[in-house]
């Protein structure tokens, strides 16, 4: 049947985009114990910077500019807001939440509240199992797989990646070994911003962008990360695929109205049955 | 005198590291007993396992005949096992009286406090640890010795049968150590079973009649302080670490 | 920090030494007590100055949001749990209250009570799983649930049951008389504040605060963390529900917008501006917010934008809020005027 191909393709697309988003969210939690409530703004802002600039400087430069800006924003949000409040987790939650609001309102005030689209990098369509899919979908697929693979390599091989792993395994031991925890966390937030930015670069041309979307990005990332186990990178990717396929399945075979409910159902069930998530290793206490 | 605490084949692993390895011992009701070993021997882990803050990989812990392995910490407290922490913990923004009141509001504490009223009961405990004149101040401005007293007071609020004291002397001056020592002796005289750790032998030697020694997560020996002090493995463990031994 | 908690400690001593009656007397003689009494008398007298429905409406909105912000502050300030989905309880109670008034013709107060209790039930639904874990899961889980409620109530598919984007409209107001409505809200606000402050000062409040200060220590003191956190969460949900029901009646209707993260943001902004863990600071924050919002009534997005900036600055540079400290400064001026 035709829908099967669509379910799988759409599921894979969503999964790979959310994989990118959840990966960054989970990394920051693993390294700093921080749930970054402004995670959605990285996605949102990248999308809008491209939307605002591509007509004047062209899509390629718009993408490069957006990614550079978002990495700087990530670094600054850590240096100016998160780092000074490190002792106070409640304050970090509130301030990142406000930051998310700030960006949403910024876009509403200086732009508008209606959804916008950005043109695809590639035109045309590719037909699979008799169903034509926009070529952009395959850009998303290939792009996100490459980025996830590079991130994995980076975390396991590079020097920064090694300090990231060290800090998330045992912060105090890593600091005794001379690793600068603050700087590592800053890099992690910047990587997280970059991953969310790349997700936007790939996915926004295939969908649309509106100011409220940051919260959807955040809630889906959170659901995935809870599912996969907070701080587990493998868990984020696997969680993203399971969530992506579930949503896509519910969309086609049950009702699109229910697919929005998937994240909260996932969160509640996982917390009830296996609070650590499928790949979580940290003890409850 | 019956057995109040029975620990059997307790094992706790962190990844590749075995913090507590097949550890067994018994404590009789009313005993006064020490757990010694150099830093990193696994003493605190044993306490965390008994008090439920960590789950063992294997082994059983029985309190008063009841299996408490892996039970939630607050439930264990309410059965009558209270503990203090090596690093002092307190409710920073509450007065000392309220710090103690919290324990008196646990389901076990409440039963005792019922007749007197929680505040009254909490002040009695504050008096017994010698902090009654500071009832109205918050702990953030207390000297370290008083914080140690507060730890014990908080544990007493739950009306324990077995009191686990994790390094009650750490960071104290000699005078302060003496005060805490008197306090612990008084508690034991009142009928509380006391089980305490220490990494410097001197503190414990004159205090307890029985000592369990552990090293690298393993049980080494169980005996009087004099016997333990003669044990070769104990001596090596301490001398190897360069600890002061008197 | 230390000085502040010290004065709190002293406040408790006074209470314990002299009993509650003379405690009230003493309190009324303190600067804070006098200020509170003056503010309350002021609020009682407002309808003498104006009976204009619009102006009274601003005050009523501020009172409703005082309760809402206080419900958030109670949870965050006393138990250290942050909810980013306080809008769930606000919204669900708004819907249930409206539904019972509009379709089952129940009196408003009964509907309001039912609405708030359903809010509490939702609190349990999300609280039981989320509180199984330590850490800030509750905050995010509530936010996700709020967002999903927003989409669900907005959804065209569910319109026959949930009312779609129109929600429920044409609900009668509490009273046709604006002044009467004003006083009913004032009573709700004062009662809610008294209850929340009383719980904060009670033995249960002591346990809540112990969990906030040191959860491991509280557990070692034999406290069942999950139980107490859940109780605090339910109390918070109840008062958020009261606010939501009043808001629905005040606006003569309710729509899915109440579930937006924006409403949770309102509560956080107001409580943080006033000063977290003060309860009464929420009222200050709420009045400040709505009077300021009145200036920007033409551009509502701008006012939220500005408040997002203010909130970031407040949390970053003045953890204890700004309005309470400013008022404490006022004491110096007060003393000066009295020639002390």
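Here are some notes:
The letters A, B and C name the chains in turn, as written, and every chain counts its residues from 1.
We adopt the following convention: contacts are C-beta pairs under 8 Å (C-beta built on N, C-alpha and C of every residue); 3 or more make two chains touch, one makes a residue touch a chain.
In this text, all values refer to a predicted model and were calculated from it rather than measured experimentally.
Set against the Cα centre of subunit C, the chain with the most distant centre is B.
Of all chains present, the one whose mean CA position sits nearest the global mean of protein CA atoms is C. Per-chain CA centroids place subunit A at a distance of 32 Å from subunit C. Centre-to-centre, using mean CA coordinates, subunit A is 46 Å away from subunit B. Residues of subunit B found to touch two or more other chains are 53, 73.
Residue numbers of subunit A whose C-beta contacts span two or more other chains: 285. Of all residues in subunit C, those that touch two or more other chains are 216. Interface residues of subunit A, counted against subunit C in their complex, comprise 35, 37, 80-81, 84-85, 88-91, 93-95, 97-99, 101-102, 105-106, 108-109, 113, 212, 215-216, 218-219, 222-223, 226, 255-257, 260-261, 263-264, 267-268, 271-272, 275, 284-285. On the side of subunit B, the complex with subunit C involves touching residues 51, 53, 72-74, 77-78, 82-83, 85, 89-95, 98-99, 101-103, 105-109, 118-119, 136-138, 140-141, 154-155, 157-158. Those residues of subunit C lying in contact with subunit B across their complex are 2, 5-6, 8-10, 12-13, 16, 203, 206-207, 209-210, 212-214, 216-225.
Residue ranges on subunit C touching subunit A, taken from their complex, read 76, 80, 82, 84, 125-126, 128-130, 132-137, 139-141, 143-145, 147-148, 151-152, 155, 157-158, 216, 260-262, 265, 268-269, 272, 299, 301-302, 304-305, 308-309, 311-312, 315-316, 319.
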